[in-house]
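Shared between the two complexes below is chain A, which pairs with chain B and chain C, respectively.
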Partner chain A sequence: MLLDARTIPDGAQLETDLCIIGGGPAGITVAHALAGRSTRILLLESGPDEYDDPTQSLYDGESVGLPYYSLKFSRLRFFGGSANHWGGYCMPHQAADFEARTWIPHSGWPIGEMDLAPYYPRAAELVGIDTTRFDLDWWITQDQDRPLPFDAARAVTRVVQIVRQNRRGFRFRDDLQDASNVTLCLRANALEIVTDDQGRTTREVRVGTLEGARFSVAARAFVLATGGIENARLLLASNGQNPAGVGNDHDLVGRFFGEHPRFGAATFVPTDRAIPLGFHFPHRASLSTIEGYIGLPRELQRREELVDVQILMQRELGPSFDDAVDAPVVRDALALPRNLTQGRLDEFGSHLANVVGDLSTFQQFTVPGAPLPIPYPELVGEVLNRNTADRLELIPAIFGDLAGAAYAQLYGAPITTAIFRTRIDQAPNPESRVALGTERDAFGMLRGQLDWQLTDLDRYSVRRTLEIIGAEIGRLGLGRLQITFDADGQAWPEDMSGGYHHAGTTRMSADPRRGVVDGNCRVHGLDNLYIAGSSVFPTVGSGNPTYVLVALALRLADHLGTVLS
Partner chain B sequence: MERADAGAKRTDQVVVYAGIPARIAAYFVDAVILSLLFFAVLAVLTLVIGPTVRFVSPLDVLRARVVVDPGRVVLDALVTTALSAAYFAFSWNRMGASPGQWLLGLRLRDRRGRIGLGVRDALIRWALLGPPLGLIAVIVGTLAPLLRPSAIAVAAVWQLILLVTTTRNERKQGIHDRAAGSTVVTSSRLADRVGSDGGVAAGAP
Partner chain C sequence: MTRIGLTRRHFLALLGAAVVPLVPGLMPALATHVWPAREGLAARLVALLTHTTSAAAVGRAYLAQSPHEARADRLVAAITSGWTGTAPGAAWQSASKPELLELVRMKIVDDFAREEVAILDGWIVSRTEARLCGLVLLATEGARSV
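And then the complex of A and B:
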């Protein structure tokens, strides 16, 4: 059933078995997994079905630490949540991600890889990937491209799958709407979680609409699934009974904010520009799209006492191809169908003329008057005299920008250099945190304040990882790695950003003094409040959060199914 | 230039006009030969007076590294057009067929039914076959690049007109044949194998 919160009378008291707060991937997964059962579910989603700026503005907040994205837009606040701008990258955490590593303070999960393993097949269906295989050996059998031939004791390639664009929505709205036991309530903003006087049981959640109505929802259990910043903010702001907020007896809520920091840290200059690097960029393999990240083997990380740093390559094409890909005529060609369907024949004509002109580029290099389009002898000689990469560089110049862009799209283009961008599994840091700010949103709730911080271990790990990979690249004769990251300086690179991967702010631990939730994602000290999403990750991990959090949400749904039945 | 006696024989027997497929095949063979000839001649020209297409530097990684000398393009077009004229006029006059036609078993007859064309008729036939239009397209395209597609289109339309007029004519004479007084006939069974759909006439001149 679909419900618009604006139709609920002011002061109403709703009652259900399970109240899920947040209609993003985590909340939707829990509801979807329990759809069709006897448990009554009310899913509260702050936004409508599409982007709505007044609702989105509720995310606005202040960033006082390392430079970070605008908090207003680092998550999307409408049904489907941040899956609406998801990049579709999927990789599970590795076994080592769950382990307590002595050299990484606060590391270790109370659950292990095998606890999530049964849920990955279903998670794969929900996120839209075709297989749960991530082992490199298997993918090599499916792929024409090959990873760089590292010695497995020195460097490794890890496979990440990328969900096709048209499958990334994660909405499942029809499924939820059709389920007899699920009510999807849009435009319902959770304002406060209210516990009993002892703070042992969650009694209700107070809800408001931007139009001014207020109502409450009582339930046997609650799942908070509003993202890594909002989960903490709502718990902290729910301070009616306890000034520290809900679930915050040990001052852990909001702390340990983690990300996958990424920045250009090195430049790879191949010895031969024709070295095949295609495996390390997004490409088709069998029916899937995959990409190979570069990292260190876990045993080496253990010996070197490093956090996990994965490397993503960002290629810089040969200049001719770079220009071709960005050439105006490419946009003209892409605009042709639109011009035609919109009846803009004047633009269609001028764009078509440009396209025809570009496609006839080769004609100016052919011998005039020859009945067949044979190239000038000097052009043939030049092409034959060049090496493979330089020869390829001539494609846009000889055949035009469209041909160059098409070639780059289909086969990749000669690469002059590749930027090595980091993807750090940042060390858990209690000083990296989400807190309440001083400004208030439209409901009068204190806005979130993010103080993102990294540690010296992160810095050292980046440098050392690059040194090891660079040495391996040199040993193989593949080229040189110019490390641009200044590990000795205090400042982080200006281009540093996150991956919109918010983790750690309601971290999981078996010990209430070390974590906000237990191994079943239940908030310590409260018998019916659960948290879903990457905010429970004690470490961000090497995998991509969405795939892992969906598996974890399925596991939570399993647990709730048992508890509530 | 005198025509060869061997080509001056009067043929009063049954004449088979060459079909379109055989004539196109012959033209394709000539196109290959001419293209290779042009390539060789321009290679020599490049060695003697320098290249038409220049590369700013083999190591240069900037755009627009391939530069075409427009003056040389026009010169090249004049050379290739002259070569084309010489190739066809000579072969039609001296051999009664271009090398491609010869290989396909085709022969050209003049107004009197003799094998081979006079130089004037050969040049008229060559001119109307279209190569001068190609030269014009090159010159127009060099002076006004925006007009190049139009010039190429005119040349292409002319080829279509030749094809249609040849196909629709009882004696398979296109505009170029009618102007030069030529007919294309078969001299062997090879043309039949290629696919002759030509007409048959008894004692046709």
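And then the complex of A and C:
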């Protein structure tokens, strides 16, 4: 059943078995898993069915820590939630992600890899990937491309699956609407979670519409599923009974905000243009699209006492025509070749290339002026592997490459390089936090304030990971790595961003003094309030949060099915 | 593992120094350096690198980090020892040019395997290739200094 909250009378008191707050991947998964059962479910979604700016503006907030995306747009507030801007990347957490690692303070989950394993097959169906296989050995049998041939004791390749564009979005509206036990209520904004006087039972959630109506929902159980920032904000703002908010007896709500920090940290210059890198870029393998991330084996991380840092390759096929024509000085015709030369090695890099070339069995590392193949074989392969719409997307890239090739014929070939971008499983940090700001939104509710912080362990881990991988690349004769990340400085790179992966703010622990929720995602001290989503992740983890949080939400649904039956 | 760090800022400052004597710690070493006999192992190692200007630039950066190595005998000793391979010192002495190149390649691989690397302007290079470049610098700039 579909309900528009604007049709609910002001002051109404609704009653259901399970009230789910938030219609994103986590909330939808719980509702979807329990659809068709006898449990009555009311799913409250703040937004309508599509983007609506007044609703989206409720997410506005201040960022006072490391530079971060606009809080307004780093998540989405309409049905489907942040899955509406999801990149479709899927990878499960590894066993080591769940372990308490002595060198990483506050690490460790109260559940393990095997607790989630039974839920991944169904999670795969929901997110839209064709297989739960992520082991490299299996993917090699499905793929014509090959990963870089690392010694597994020194570096590893991890497989990420990417959901096809037309399967993303997590919009199971029809399924929910058709389920006899589910009511999907749009334009319903949760404003406060109200507990009994002892703070032991959640009594109701107070709800408002932007048009001014107010109503309440009482339920036997509640699931808070509004994302890693908003979950904390709503708990903190629900301070009618306790000034610290709900579930915040130990000042943990909002703390430990984690992300997957990304930035260009190194440049990889292959010894030979023919070295195949295709496995490490998004590409088709069998019926799926996958990408190979580079990382360190877990045992080596343990020995070196590092957090997990994965490396994503960003293609840099010589000069970027797009960059060149986008330059402010493009009106000056002479600017074009000048900009295109920026794909070249700097002076020292050129000297090093000459030295490596002298000592190498390869030749192309050092050959200035060698013509580029036109067009690149790998690009042709990509085009042939794409559907029509995707082929159109490639046209600018091909145009840029052809322009680069033409330039190379005239001025010499630029070096083909790849940028190594980080994806850090940042160390849990209590000072990295979501709090209430001073501004208020349209409901008079204090806006969220983000203070994102990283640690020296994160910085050291990036540097050591790159050093180890750089040495392995040298050992294999694949090329050389230039670390461009200033690991000795205090500032983080200007291009640092996250992945919209908001985690940790209602972290999971068996110990109420160390976590907001227990291993079943129930808020410590409250017998009927649960939290779904990556906000319960004690560490962000190596996996992509959507796939993992969906599996975890399925596990929660299993638990709720038992509790509420 | 032995690693040497050089900040980009330091390195750029280094590049800005047009002549060797401005490199702190390196000038005295070069000024007193006497290049060994032409037919010696050092000379044959230097002959492996044809891009001498490039090699000297890399060598200058390396020896600025490790001025205590700025002597041909020390660099040759470091290049030909301290690895896990099976080639004895005598093998280096008697190697033909192709054999010498192969020994150097094997040593570079061995360096990377043991993380015997230097970081020059952010580049992760094997210490053997950096030391070879140091030899080239001594053979050119250093020889002019004596």
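What we mean here is this: the second predicted complex is superposed on the first by the 467 of 565 C-alpha atoms of A that agree within 3 Å, B and C clash if a C-alpha of one lies under 4 Å from a C-alpha of the other, contacts with A are read in each partner's own complex, and residues count from 1 in each chain.
Methods note: contacts are C-beta pairs under 8 Å (C-beta built on N, C-alpha and C of every residue); 3 or more make two chains touch, one makes a residue touch a chain.
Note that the structure is a prediction, hence the values are computed from the model and not measured.
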| item | value |
| --- | --- |
| Touching partner for A:E467 - first (chain B), second (chain C), both, neither | second |
| Partner chain(s) touched by A:R37 [first = chain B, second = chain C, both, neither] | neither |
| First (chain B), second (chain C), both or neither touched by A:R75 | neither |
| Touched partner set for A:H260, first chain B, second chain C, both or neither | neither |
| Touched partner set for A:V356, first chain B, second chain C, both or neither | both |
| Those residues of chain A which chain B touches in one complex and chain C touches in the other | 356-357, 360 |
| Complex contact set, residues of chain A against chain B | 318-320, 323, 356-357, 360, 363-365, 367-372, 374, 376-379, 382, 385-386, 390, 393-394, 396-398, 416 |
| Interfacial residue positions of chain C with respect to chain A in the complex | 3, 5, 7-8, 11, 15, 48-51, 53-55, 57-58, 61, 101, 104-105, 108-109, 111-113, 115, 117, 119-126, 129, 132-133 |
| Of chain B, residues touching chain A in the complex | 27, 30-32, 34-36, 38-39, 42-43, 46, 51-55, 58, 61-66, 68, 73-74, 76-77, 80-81, 84, 131, 134-135, 138, 148-149, 152 |
| Footprint of chain C on chain A - complex, ascending | 266, 347-361, 366, 467-468, 470-475, 477, 480-484, 486, 488 |
